[in-house]
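So that you can tell them apart, the chains are marked A, B and C in the order they are listed, and the count of residues begins at 1 in each.
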Amino acid sequence: MESIEIGLVVSAGLLVMVILGMRVAFAAGLAGLTGLIWIFWAKKGYDPAQFMWALEVAVKTGGQVPHSKVASQALSLIPTFILIGYLAYYAGLTKALFTAAKRWIAWVPGGMAVATVFATAGFAAVSGASIATSAVFARIAIPEMLEVGYNKRFAAGVVAAGGTLASLIPPSAILVIYAIIVEQDVGKLLLAGFIPGVFSAIVYALLIIGMAMTIKGFGPSVGGFTWKERFAALPPAAPILIVVLTIVLFVYNPFGGEAWGTPTEGGAIGAFVVFLMALYNGMRWGEFKGALLETAKLAVMIFTIIWGVLIYVRFLGFADLPGAFSDWLTSLEMSPMLILVCILLAYAVLGMFMDAIGMMLLTLPVVYPAVMALNGGEMVSAADSTFGMSGPMCAIWFGILVVKMAEFCLITPPIGLNCFVVAGVRDDLTVQDVFRGVTPFFVADGITIALLVAFPSIVLWLPSLA
Amino acid sequence: TEWNVSLWGKRRAFTEHVEKLAELVSEKTGGEFTLNISYGGLSKNTENLDGIEIGAFEMAQFCAGYHPDKNPSITVMELPFLGISSLEQERDISMAVYEHPAVAADLARWNAKLLMPSPLPQYNLAGVGDVPSSIDNFDGLTVRATGGIGAALGAVGAVPTSMSATEVRQAMDSGVIRAASFAPHAHMSFGTIENATWWTSNLNPGAVNCPVVVNIDAYEALTDDERAALDGSVEEALDYYIEYYENETMAKWWPLLEEKGVEQVSFSDDEIAAFREAAAGPAADAWIEENNARGLPAQELYDLVSGMVAEGQ
Amino acid sequence: MAGSASVLEDDSILSRLDRNFYKLEKLLALVSGLTVFGLMLLAVFSVSSRNFFNDPLPGYVDWIQQAMPLIAFMGISFTQRDGGHIRMDMLVGRLSGRPLFIAEWITTFAILVLMVLLVWGSYAHFQRSFDMSMPLWSRDSTMDIGLPIWPAKLLAPVAFSVLCVRLVLQLASYTKAIITGETEPVAVPLPVDVATQAAQEAEQVSGHD
């Protein structure tokens, strides 16, 4: 059998294992290992005497992956950002933020849901990890939405979708990972995520308001807060602003002098400030230990998926599937814009079955150079380019599009991490419930992505100033 | 016979000899022996030697400095201020080192046979801010430089800082570091040259050594014709590589320096000599002592390299 | 991912083994959490020593690479015990009793096969970086300051072995349930029933803010 066919058969096997309910990380790892054994044995013509050789080479090749892929500086941001999320929760910051959003915004139709979206957007300026944001807001926002009579599936969907904002609005672990994979300027990419992130939040809010005005019994607006109450809600939420300012000042020194550190370090400094606030707000060892254990649990869950998927990716590498895909992509005779749209659609499909980081690690080495070539090369000027932007700008634009797609895949079934996390926090919700509740947001994300493709200046305006 | 070859990144000057080798080998054997090159699909670059030992692929490229303990013998080529002045010389000395029995034995621990080097030019510094007029100005200079080069710069008061290559540009733009040490192609691809105001044209602090190796069992399993085709293509592949690096990469480099208005700093011979004195001697002594402890004929290897450099001048 | 499933307990040997082993797993997970915290402190330390003392921490990246396996692997068994590794439950969610436990047995056994192979593979990865005859027993070192990598590489087979033990415990419990036909076996994550769900809900409302 051709190695590409082996690749396809094993991929089908992976899908079957996942649907049968095998835990995703291990299903991916097992599929990858099986595929490697198959490839190496095929190389020896399926000689029975060579099976043990194939097994040994496959196991040793797969056995490298967990340590080798996990021991990376880029991925160290993920646990740090998860820790920020839980520390902020124990410091009462997220609760204060939600209360402020509620008092100021909840009077609009669909008010509590809209308030949740803006609270998650605000928290996104501190948090760099989508799942941590969803995990924390599932505890705070869902009970309050249920209290005023929201459908519990929709309430869960709002939190799952709102969590994705954390990866567009800086800081963002996944944008840093993109920057590292494609070797682009991290600072400009982070800057570029800000407007699309806020834009996404507004589209979410408009969608909710539209639904509230057309669907009966959707959920009431919550008014009646006095201006005094509104302003009283601000000081407790203000520390979030301090954390944001710390990170921003750290990374983009506005005084014209030298910055104090890189975005990676900025994230850690942010976490440290939140830690001090949690201490100040009376966090004790028991709570701290709780935050650490939850951080460990979420981090290990993600890292297990990462290395599991990467064993599978390693197998795909030996099966030369990415090479075949790249050849196919560059042989297409379509307009570049249509090819770009096809790539984004392919991400939507792939994203159904993968986590965000696994998907980027799998595809970017192939897709990124192809997209840069479509635009006319890495060094092309805006005037000579296909999409009307210079090479570095195209890298930023495509990065934001990919990250938005990667975030989209966090809420699409069957494998959408944010939905799993929300269901995990709330015992009264199954994963299917959350997936059902989050479907309206597919429409919102579709609109957002279409607008980002059609009007690249939404993405590029801010970084072009820098 | 079909061999899998594990490289990383994308096709670039640094991989042209392997691409050329694949072309030549296939040509000479009438398509009987092919090299199937993968960029990053088969292994992480720091684990290419592991893949060779496992037998997952038959040929790979890696850099000695990625993991000194895996290949202590060839890190002799990465000592600071060896004084290697051209890609040709780097190639000749590398080949001589690779043929030394102790070096062959060191790599044989990984079931690997050294086939050819990937000669790189000197890792000169590009920096922002005040242009250094003498080596004394390096005092307090924050610079991204790893391994032996970092240690050497530290010896004259610079402050070496470690970070991943992709963060270097941002770190330099934001002032976290003021200079970075790379080969010219990396200064271009990581963008450090974009905002740089100066470049040290003759500091020549050293370079990394990145060999291409083959799995010994696979090499011995080749037919005589195939082996002859492989061995017989190395010279031509390296000729091609050097010509490509000099005529393609460096041809872009000089105009780029002009275009960006980057000042080319050159230091006087006396200054360079003083710097070497301060940095090279201690580094070499430390290397020799450390590798004697590993059971390597360290002095002999060092003498081989420095002897060939002296001859060349 | 607190309590997406609950693990029942009783006085049986199996349950006692489960609870004692859980203590070990929890300790390992706490090591992982503390390492995250340590990484954060390391960054603060590195940044301040660079900015205030012009003396950057040498090998900052190397230290991060050494710490990451602690974070990524040590809690793997803890998470498996509580059913925290994600999966699609649209099929298993509809099963109960014997058919459910047969399905669980099969997927758990598949994980065990994978993990046994990975203990082998990751141990071989460790072994290639380890040489008793070399200084610091090291045959592989980090890029910047040359730290030996073998201790970090050893963490993978160790954590994976702990997970293998956990999987054997779970298989034992499923096997027992399949044979005896019991519907609520101990020591394995079960879908939360309505009663415990209510109890947990009350706890959550009265809990942290």
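Just so it is clear, contacts are C-beta pairs under 8 Å (C-beta built on N, C-alpha and C of every residue); 3 or more make two chains touch, one makes a residue touch a chain.
This structure is a prediction, so every number in the text was calculated from the model and none was measured.
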Report summary line: Neighbour overlap between chain A and chain B returns C
Report summary line: Maximum distance between Cα centroids and chain C occurs for chain B
Query raised in the report: In terms of CA centres, which chain lies closest to the overall middle?
Result: A
Query - chain A-chain B separation of Cα centroids, rounded to whole Å - result: 37
Query raised in the report: Taking each chain's centre as the mean of its CA atoms, how far is chain A from chain C in angstrom?
Result: 23
Query raised in the report: Once you find the CA centre of chain B and the CA centre of chain C, what distance in Å lies between them?
Result: 40
Report task. Check each residue of chain C and list the ones that touch at least two other chains. Result -> 50, 61, 124-125
Query raised in the report: Can you list the residues of chain B that touch 2 or more other chains?
Result: 46, 50, 54, 163-164, 176
Report summary line: Among all residues of chain A, those touching at least two other chains are 60-61, 64, 68, 73, 260-261, 264
Report task. Would you pull the chain B residues touching chain C in the complex into a rising list? Result -> 46, 50, 53-54, 65-70, 109, 140, 142, 146-147, 150, 159-164, 176, 290, 293-295
Requested in this report: Name, in rising order, each residue of chain C that touches chain B in their complex.
Outcome: 50, 54-56, 58-62, 124-125, 128, 133-135, 138-146, 148-149
**Report entry** chain A contact footprint on chain C (complex, rising order)
**Finding:** 1-4, 26, 29-30, 32-34, 36-37, 39-44, 46-47, 50-51, 61, 64-69, 71-76, 78-80, 82, 84-93, 103, 107, 110-111, 113-115, 117-118, 120-125, 152-153, 155-156, 160, 192, 197, 200-201, 204-205, 208-209
Query - Touching residues on chain B, where the partner in the complex is chain A - result: 4, 10, 36, 38-44, 46-47, 50-51, 54-56, 163-167, 169-171, 173-176, 189-191
**Report entry** Complex interface listing, chain A residues touching chain C
**Finding:** 17-27, 29-30, 33, 59-64, 66-68, 70-73, 75-76, 79-80, 82-83, 89-90, 92, 95, 135, 139-140, 143, 260-261, 264-265, 268-269, 271-272, 275, 287, 289, 291-301, 303-307, 414-415, 417, 420-421, 423-425, 427-428, 430-432
